[in-house]
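Each of the next two complexes has chain A plus one other chain: chain B in the first, chain C in the second.
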Partner chain A sequence: MSAQTRVFLGNMAFVIKKMMGRKKTDRASRLRFWSALNDVGINSVFFIVITLGFVGTIMMLHGGYQAARIIGDSNLVGPQILPLMIRQLGPTLAGLMVATRVGTGMAARIGSMVVTEQVDALRLSNACPVNYLITPSWHAALVMVPILSIFGITAAFFSGMLTAYVVFETAPGVYADWSFVSGLDAVEALIKSISFGAVIPLIAGTCGLSTHGGSAGVGRATTNAVVLSSLAVIILDFFIGALILGLR
Partner chain B sequence: MIEFKNVSKAFGDRQILKGVSLTVDAGKVLFVIGKSGAGKSVLTKHVVGLVRPDSGAVLFDGVDVSSWTEEQFYPLRKRCTMVLQHSTLFDSMTIVENVALPIRKHRQLGWNAALETATSYLNDVGMAEYAKRMPDTLGDGLRKRIAIARALALQPQCVIFDEPTTGLDPQSAIQVDGLIRSLADRFSVTCIVVSHDLRSIFSIADRVVMLYQGQVLLDGPADVFRRSEHPVVKQFMSGVPDGPMEL
Partner chain C sequence: MSWGSFVRSADEMLTLILALVTGALGGRFDARETWQQLYLVGVRSLPIVIVTAIFAGGISAIQVSAHVVRFQAYDAVGWGFGFVVFRELGPLLIGLMFSGRVGAFNAAELGTMKVTEQLDALRVLAINPLNYLVGPRIVAMVVMMTALVMVGNVFALLGGMLTAQVLVDVDPMVFWISLTDYVRPVDLFNGLVKAGLFGFVIGLVSCRHGLAVDGGAPGVGRAVNQAVVASALGIFCFDYLVTAILP
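Let's turn to the complex of A and B:
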């Protein structure tokens, strides 16, 4: 194991220990939480709605085209992509977007605080860097990734509906056929998005804290944050999905 | 008061400190010098637990702190504080908030009480006019002086200054030197100063330690340095690029 990996894992253990520890909430910590909610949630929602809006259109367009070619009927496509949208694409794409937007931001901010010794200064002030810099975003992401997923799924649903109507003349009532969607799909979406919300700030924050070596180091930390947290999202997506498929 | 016993530290495969042993006397001004990258900051950060040794021991008042947890260091960081090399004010806070944060955490005060203490303290040190400013609106020299003021607000027994005069104009540098000297003389504060500034070394150091290739090369009063015949020391003093010193 390389020295960097050891530092990274050591830091991650430290971050987890600190996040699990009890801490008192005061006005300052509530303010940090609100600002993180704003950063993770409000500032990402537009991005996610647009992305998933396009994904809904693309899925419907290609699915409808294929279905029309093979079975001559594109009416079945809507009901088939709905469950996929809910349990798979919605949470995963929302997770990937948050990994890109929030993960890089966190790693860059914390990394530059490390190289300018601001993190050392926090520690000298007895202010735990994890509580100050990571925990607020962690809490915010736990709340916000599920909410963002719902926004994303909704956007994909309506853009798919519009595409089905305009391109394939599928009536909205036919498109919005919920009979293939089960409660388990919603449970899966929730479990996935909460897990993504938990791992992204953890990984990005740890990458930030493990920074060394000036601005080049901050660059590396940022890249690592987006690569590792996206990878974590995809791997979790697979395992949670497979586990729940096993339950069906 | 502070003792390093055979301290070694590596980052990855780069060995920065190779068995440094050193005793720091209470109430004196000790200078740590050495070329850039010699490990001066790394060495001094061991005292306050910002860096932990790979092997060896760091003693504070006779207690080995090298395997302490972060929490165990909290009370120590009130008695012994460090002014870091970069002007490490928190850029998201105003000056008065910057000064108030350690006061609040170390004395466990409420935010408003800490702000009040910080405000009156800034008044005492003649920096009240900057209280409401953000750090990025101030120059480097001023930020450094505020960082020093922030550290001294806790009335520590020991202060580590990491390059306190780098980037200051000559007048401010002389002021800072005077401040360090008077901390030691009037309040018996132990001062460890990391510096390249020969002028400060010869005007205020009680003792100078030179780090070279991870070890203590020379240790003694400033005069010893002036008279040293060691080729590396001579090169360092004269500042010429050519010589035996490995870069």
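Let's turn to the complex of A and C:
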């Protein structure tokens, strides 16, 4: 393990310890939480709806062409891709998009505060940088990533429906057949999106606080934030998926 | 994003494409810089691409298996897997990681060069920064993204076979036969076309945002953020276009 990795893991342990510690909630901290909700949630809705909308169309096109080629009937595709959207692509791609948009944003903001010594100013005023900068986003992401996943799944559902109707002439009623969707799919989506919400701000915030060395350092921290948090999303997705597959 | 900034950004990207084309036509490609970029881009992202590919293979095998277990169609695992990974999930996930690793790094590097006035220094030396910096980078990203998706496909296949064997007890040979029976070379080719286009989008967008930085260290952070967001939008958009045009 390189020295860099050790420093990063140490910083992350410090961040977790600070986040778990008792902290007072006053009006200012509630305001920070609301503004983080706005940043993580409201500002990402558009981005997530657009990207997941493309995903729904892409899935329907793939599924429809394959079904037409091998089975000769693309009406069966809708019921088959709905569970896949709910338990897999919705939460995972929403998580990746949050890592891309919110994770880099947090690392860039905190990193530039570190190099312009604003974080030192926070410490001087006896404000904990972790509680001030990371905790609000962490709480906000726990709440917002599941909600964003629901938005994303809805967008993918409707764009898939539109594609099915326009390209394959599948009636919306035939496409929206929920008989293959089980409660376990919804549980899987919820577990995935909550755990993505928990790790993304943690990793991105740690990358931001570990920044050193001017504007090159801020660039490095932001790059690390997006790479590590996306990788965490993919790895968590694998293990949660394997766990739920074992329960089926 | 307002209309004004949209038009400006489109204008800047057109300028970059123009510089790329005129640079290529006029033979103003710096060969050493291009080789160096190819090496840096490839080496920098190979480990992350391999890890992503193994897990992407595993994820796809899990999700395909969930369907297969329901219908008891164990000989369809390879088909579903190969199709999903080679054509869609492989290029998509590797593209998103590549955008984070290489695209973000590129935006940060160019942004830092801009705020530390290294671009002005190049101009003073009568070197056109657009030809010298942008061309080799975009070429390197297109070439390397395609190559990395090829490498990634192999590792995704390994990850998928291993996961299917361990979790749903599908023999690797059964997996391989159903894969080779149903997955056509055109599916692999389609994935590589996507990869090349993703590389181009990532290169163009990250260079544009890197060169547009102003305002010191915070500006660099903002530019990286905007670069990865815009690259992700571009990736999904081109993914849709390729899927719709090349069935």
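In this section, the second predicted complex is superposed on the first by the 248 of 248 C-alpha atoms of A that agree within 3 Å, B and C clash if a C-alpha of one lies under 4 Å from a C-alpha of the other, contacts with A are read in each partner's own complex, and residues count from 1 in each chain.
What we mean here is this: contacts are C-beta pairs under 8 Å (C-beta built on N, C-alpha and C of every residue); 3 or more make two chains touch, one makes a residue touch a chain.
No experiment lies behind these values; they were computed from the predicted model shown.
Q: Chain B versus chain C on the shared chain A, clash or fit?
A: fit
Q: For A:A186, decide between first (touching chain B), second (touching chain C), both and neither.
A: neither
Q: After lining up the shared chain so the two structures overlap, which partner does A:T57 touch, if you call chain B first and chain C second: first, second, both or neither?
A: Once the two structures are laid over each other on A, A:T57 reaches chain C alone.
Q: Once the two complexes are aligned on chain A, which partner has more residues of chain A within touching range, chain B or chain C?
A: The larger set of chain A residues in touch belongs to C.
Q: First (chain B), second (chain C), both or neither: which does A:A3 touch?
A: First partner only.
Q: Thinking of the overlay built on chain A, is A:A67 touched by chain B (first), by chain C (second), by both, or by neither?
A: The answer is neither, since A:A67 touches no partner chain.
Q: Is A:T116 touching the first partner chain B, the second partner chain C, both, or neither of them?
A: So A:T116 meets both chain B and chain C here.
Q: When the two structures are overlaid on chain A, which partner does A:A198 contact: first (chain B), second (chain C), both, or neither?
A: neither
Q: Is A:H212 touching the first partner chain B, the second partner chain C, both, or neither of them?
A: In the superposed model, A:H212 contacts chain B only, not chain C.
Q: Tell me, in angstrom, the smallest C-alpha to C-alpha distance between chain B and chain C in the overlaid model?
A: Between chain B and chain C, the minimum C-alpha distance equals 11 Å.
Q: After overlaying the two complexes on chain A, where does the chain B footprint on chain A coincide with the chain C footprint?
A: After superposing on chain A, chain A residues 116 contact both chain B and chain C.
Q: Report the residues of chain C in contact with chain A in the complex, numbered from low to high.
A: 48, 51-52, 55-56, 58-59, 62-63, 65-67, 69-70, 83-84, 87-88, 93, 96-97, 99-101, 104-105, 107-109, 111-112, 115-116, 163, 167-168, 182, 216-222, 224-225, 228-229, 232-233, 236-237, 239-240, 243-244, 247
Q: Where on chain B is chain A touching in the complex?
A: 11-13, 45, 48-50, 70, 74, 77-78, 81-82, 84-86, 88-91, 101-102, 105-106, 111
Q: Can you list the chain A residues touching chain C in their complex?
A: These residues of chain A touch chain C: 47, 50-51, 54-55, 57-58, 61-62, 65-66, 70, 80, 83-84, 87-88, 92, 96-97, 100-101, 104-105, 107-109, 111-112, 115-116, 180, 214-223, 226-227, 230-231, 234-235, 237-238, 241-242, 245-246, 248.
Q: For the complex, which residues does chain A have touching chain B?
A: Touching chain B: residues 2-4, 26-28, 116-118, 120-128, 212 of chain A.
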